[in-house]
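Here's the structure, in structure tokens; my notes come after.
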Amino acid sequence: MLFYKGGYIVNLFLQQLINGLNVGSIYALIAIGYTMVYGIIKLINFAHGEIMMFGAYFAFIAATSFQLPVWAVLLSSMVIMAIIGVTIEFVAYRPLRNAPRLSALITAIGVSLFLQNLALIIFKPDPKVMPKIFPETIYKLGEIEISSTTLITIGLSLFFMVLLDLYIRKTKQGRAMRAVSEDKDAAILMGINVNRTISLTFAVGSALGALGGVLFSVAYIQVYPTMGVMPGLKAFIAAVLGGIGIIPGAMLGGFIIGMVETLTKAYLSTTWADAIVFAILIIVLLFKPTGILGKNTREKV
Amino acid sequence: MDHNKKKAYLINTIAIVATYLVFFVLIQTKTMNNYFVGIAIMTCIMIIMAMSLNIVAGFLGEMALGHAGFMAIGAYASAVFSMALVDSGLPLPKLFILILAMIVGGVVAGIFGFLIGTPTLRLRGDYLGIVTIGFSEIIRIFFINFGPTGGAAGLKGITRLVNFHNVYWITILVAILIFTLGRSKQGRAIISIREDEIAAEAAGIPTTRYKVLGFSLAAFFAGIGGALYAHYQSFLEPSKFGFMFSIEMFVIVVLGGLGSLTGSIISAIVLTVLPEMLRSFSEYRLLIYSLVLIIMMIFRPQGIFGRSEFSLTAFIESLIQRKKVKNSIDGGEAS
Amino acid sequence: MLKVKDLNVHYGKIHAIKGISFEVNEGEIVTLIGANGAGKTTILQTISGLLKPSEGMVSFEGENLNKVPAHQIPMMGIAHVPEGRRIFAEMTVLENLQMGAYIRKDKISIQEDMEKIFLNFPRLKERIKQIAGTLSGGEQQMLAMGRALMTRPKLILLDEPSMGLAPLLVDEIFNMIQTVNDAGTTVLLVEQNANKALHIANRAYVLETGYIKLSGNARDLLVNPEVQQAYLGG
Amino acid sequence: GCSTSGGSADADVVKLGFIGPMTGDAAIYGSSAEEGAQLAVAEINAAGGIDGKNVELVAYDSKADQTEAINAYNRLRDQDGVVAVIGGTLSGETLAMKDIMVQDNMPVLSPTATAVEVTQEAPNVFRACFLDDYQGQAAANFSATTLGAKTAALLIGTGNPYSEGVSEAFKAAFTAKGGTIAGSESYGTADKDFSAQLTKIKEMNPDVVFVPDYVQTVGPILQKAKEMGITAKFVGADGWDGVQEEYADAAQGNYFTNHYAADSPSETVQNFITAYKAEYNKVPNSFAALGYDAVYTMVEAITAAGATEAAGIITALNATDHAGVTGTLKFDEEGNPKDKEVTIIKIDDGQLKFDSTVVNN
Amino acid sequence: MTVLSAKNITMQFGGLTAVDQFNLDLSANELVGLIGPNGAGKTTIFNMLTGVYVPTVGEIFLNDQSIIKKSAHEIVKLGASRTFQNIRLFKDLTAVENVKIAYHNFIDYNMIQGMFRTKKFWVEEKKAQEECMKLLDIFDMGEYADTLAKNLPYGQQRKLEIARALASDPKVLMLDEPAAGMNPNETTELMETIHFIRNKFDITVLLIEHDMKLVMGICERIIVVDYGKTIAEGTPDEIKNNPDVIRAYLGD
């Protein structure tokens, strides 16, 4: 009896862990987009949450009005958002390339507000219900249940993380991205097309944001204009926690935030869950001021 | 030099008093109705908030995105204090209660600024930004869950003590104090950290101490802003002090020009009045507001005034100068 | 090879280059000397496309560079070692050199060139995995030079390459410039160390606040009393 | 004299103000209520307005922010010269404006602000909806008596006074009826992931789960609960209205308390639904219904007062006896609806079915 | 009398030993040169002496007081100040403001007095302005007092940095490649200035420089480091002819 009780507690805990992994993997995907854009132009792209939201809306339209198959829903939403992301960079951020960083931050806030209110006008405030675009099966591992959506979400974010990390560290184009992020003029002198490199980064980041948005809306059923705000903020925190600008860091941060959030709700307090997430972030940063995977490089003088 | 300074003092004093008199007359004759007075009061409060944030963002050069948290602390602390004071039934004049409440709000917020700033200020830039967001969210969540101040439903029954007349003079006083701070030994030390922290250390500035000082002062003045807010609204809701409110203040500061107090003032006026002017556009209002924000930043990335201050004296002189030049040209033609 | 004609460059309202014309012929070493703020760096940056001239033009092998996007200029065969080195501080030494070869495809010749550079700067080979930002000043200067050479330029623009280098290395750098030049690369050199620069250069231009004040054969300028007085320390 | 330069000069229209969130997270409440209110205004004008004068509804966005709400109210009063106000929509914003409204003695009828304090010590402030505790009590009575539940679990939105208030009342009433609260879980206002809480509720295995929140929160909760195989009956409050649309499957067979039943044979109700659908191409929720009733009630009062002067309107409001979509509206001395009956709705096949009515004693 | 001394200081970065058991003794009023190949560890030695880095091992004494683990600003207060290899000015402040910031410790009023501008504020600020102008005048920079640092010509920026280092009234002044980027004429002028301030302020100067004309011209004693270790020490003439130094550093 006692043994049974123990097993039950463990199962409950594992179930909660899986819940956390699910949220975490979505945060991770969105965080990767944040981190990429941050990495290259040192801009906290506040509009990333809204990219995610629009991505979800396009997927919603693709799935309901056009009845496209899953892969086409994902792909179309990612492509459209990649284009929109590049356009936003071109219109709103490029003119501020050489301006103080905080000014670009304000523009990003402006873009975020703009997109949110645009969505409000186009789509109206009431949430749309996202159809279940993935085949829904529940897998049972003993007492623990995992839905196929959860597995797909986790799989996709791991896949993209590894892919992107390799891309940035190992390929020539990836090195070019890092070069641009460090010194644009020097990058030009190497023959790198800076504008194109930045556009590419925005395209990739926005496509991932869109994917995150679709997964988020599938997991939590709804699509609505302000849906990007909270996950956007959480993903941003995740990116910082892992070490902003570092792709595996974003991933790690996403998973940690997801876990902490879920376990806090399960075992400590739901009302204080967000506060605890922030408290953990702060504590981690106090001990590791550049995030978990951030390098503690001191400025050489 | 000294003569010029005296002249500048005189001109500024005249301008401040004249502005007040204009408002005074408009209000007394009811030309300005309560709607406008309400906006004017909120504008003054936002000016205080923006200027105080400018100490951290502009002088110290740190990205602080949690100013609403300190405002909340100041608002709640002062409200609890003044409610107790009013309940005690002591026959105190309103203004006196308000000033005491402001001091309480400012000091409590300042203490929190000190407590939060001390461990966190060794973080740089964006990392500091996120931590300040974190703290202000924790503060907000605290007030949502804290029964004695009404929790999520809010704190009701705060005596309304703020009117345009007192808020105007308090704003002027705060503006002067922050301005003189910027031009003192302490202000210079804080600014040097913004310019180059390593060089500041090498010049003998105890950077940590001055960072904490700047942060606490900003929190102190934010607390005063919060106190005024509480005693104007007479009702406090934790949800007001969310992330977006902090962002709103930050936008004001950057748009006015980091480090420019006159910039903060102008920008606070514009960004408080603009949404009101757009009110009749209903749902398009925020769309327009955000567009204006983007366009302003693209065309004026360093903010309205950059890092410099608007000088009334210089402005008047340039007007006179232009007139003189014009006169001489006119004269030339005549002869 | 390189022709600069009636060049004018502005920084906002500051008129930094006020109608300058000069040329660099294939195979030459040409040096620009002049006091601080004369506009030397500005000229180099305009040639490599980092700055746009307000008037006048720069042409390279007959092609008008004003019309070429900046990032394509390296592909035409111009490399630039910028003032203050501008290495990629967070990348390793190796990655910096690889960035230099960004426009090149041929892996084998890239490898060969890299070996050559290590031969010239053994210190770089020792530090191949080190993060470039933590290199000493002189090491960074070597890296910047190596990185530029990795593009296999026809023309290399050098902005104060000897700044901050130990005497031994200064000699080495000048030797290297000579070697690079001997190997067929044309050099446009900006230097404070006018003495050394004039010694290896074929021709020189003396700049003063945006104008060319003097020009001619490097040997002649070396003995020109005006130049000696102003730039050679007496 | 206190006649101002405001816009009240236009004598041919009677202006009513409306305040509610139309942007941001809470946009859905404000805009629904406004839609209902605008519909009522259109109908009234089509029927000849107030003594031949057209009614105009000037609506401002409060952004769910107290400062915005106060500014909006000040503007309605000073610039637009409204004679009465429908609003605010949320409790918080209404409380923020209340003091000034009382000072001004402005006739105010909030369609949907449910917090107790809204009408306290405010002779000029009324509301059309019943209070949080009123329907919580009704839901508890229904759960214990009709559903025969012995144990109940609660899932509460903290930081949301509505959800907290209704739950509190439910808890008290349910225990009073001899039931046991198996446990209560909560979530924050911005939460979207409820798996942690539901995993725990599943383990509690209660007869009834009480979830008083709005559709956009309740929908995903029900969906998740269904996925997780929770078999307990879910019971909710008026915020559920609309859940049958998008979450029909998940909500199947569950109950909630409401202001009216859409399948009520009442002509008023059916007319309202038809008109609303025609105008906005969607089914009205209870916010819309309350906004609609609020305007009718206010216009009736103005008509009865025979003038647009505040004291008269307030007196008339006190004497209200309006048969609206959400039932018969009379006010008690505090300005709250009196003896309003609570309708219990069952979700069945994507339809809201009238189940029963409860009147708390 | 020894003003500044370092005992066996070592600095390791990961596996790299940048400075290896280095010893230093500076007497009052000396003018000492620190030279060595690029990457020899000279700047790192400065960084340890001024509290930017804490040595992995070793002890440092300033006026017989241990300054190990003291923060940079405390060391400044105790009397050692420096300039940087890559100029680090407060770019958006004027020249005189740059100097005033380093004069900080000699301005005596508190924050309240400053905010309310009491008499004390005016008196102290006037004094500060005068003292800082005096310093600028020493470098012939009076006319640039109100120019933003970033708008100064390069050579002036270098001089301003020295003026700023002097404002904290140091006993020891450490200059890291002060002549880098200067032409020979400017270098000569700088040499004279360094000489002049050493005598006028009666301080010890430790100087890193690659310009041999300057080093040999003014230093009384020269220390040569390579791979973090001292390889030679002596008068300019001794150093000039030291075969080790010629091989590692000077070349022939």
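To keep things simple, chains are lettered A, B, C, D and E as they appear, and every chain counts its residues starting from 1.
By our rule, contacts are C-beta pairs under 8 Å (C-beta built on N, C-alpha and C of every residue); 3 or more make two chains touch, one makes a residue touch a chain.
Computed from a prediction, not measured in an experiment: that's the story for all the values here.
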{"item": "Touching subunit B and also subunit C, the following chains", "value": "A, E"}
{"item": "Maximum centroid distance from subunit A, chain identifier (CA atoms)", "value": "E"}
{"item": "Between subunit C and subunit D, centroid-to-centroid distance (C-alpha), Å", "value": "74"}
{"item": "Inter-chain centre distance, subunit A versus subunit D - centres from mean C-alpha coordinates, in Å", "value": "36"}
{"item": "Centroid distance [mean C-alpha coordinates] between subunit E and subunit B, Å", "value": "41"}
{"item": "Residue numbers of subunit D (touch at least two other chains)", "value": "22-23, 158-159, 188"}
{"item": "Set of subunit A residues in contact with two or more other chains", "value": "117, 120, 271, 274, 301"}
{"item": "Shared interface positions of subunit E, touching two or more other chains", "value": "43, 52, 84-86, 88"}
{"item": "Touching residues on subunit A, where the partner in the complex is subunit C", "value": "172, 175-176, 178-179, 182-183, 185-194, 297, 300"}
{"item": "Touching residues on subunit B, where the partner in the complex is subunit D", "value": "30-31, 33-36, 38-39, 42, 141, 144-145, 151-154, 156, 160, 233-235, 237-240, 276, 279, 282-283, 285-286"}
{"item": "Complex interface listing, subunit D residues touching subunit A", "value": "22-25, 27-28, 31, 158-159, 185-188, 190-193, 195-197, 199-200, 203, 215-216, 219-220, 223, 227-228, 246-247"}
{"item": "Touch list for subunit A against partner subunit D, complex", "value": "12, 15-16, 19-20, 22-23, 117, 120, 124-129, 138, 145, 147, 216, 219-222, 224-227, 229-231, 261-263, 265-266, 270-271, 273-274"}
{"item": "List of subunit E residues in touch with subunit B within their complex", "value": "50-52, 71-74, 76-77, 81-82, 84, 88-93, 97, 100-102, 104-105, 107, 109, 111, 114-117, 121, 124-125, 128, 164-165, 167-168"}
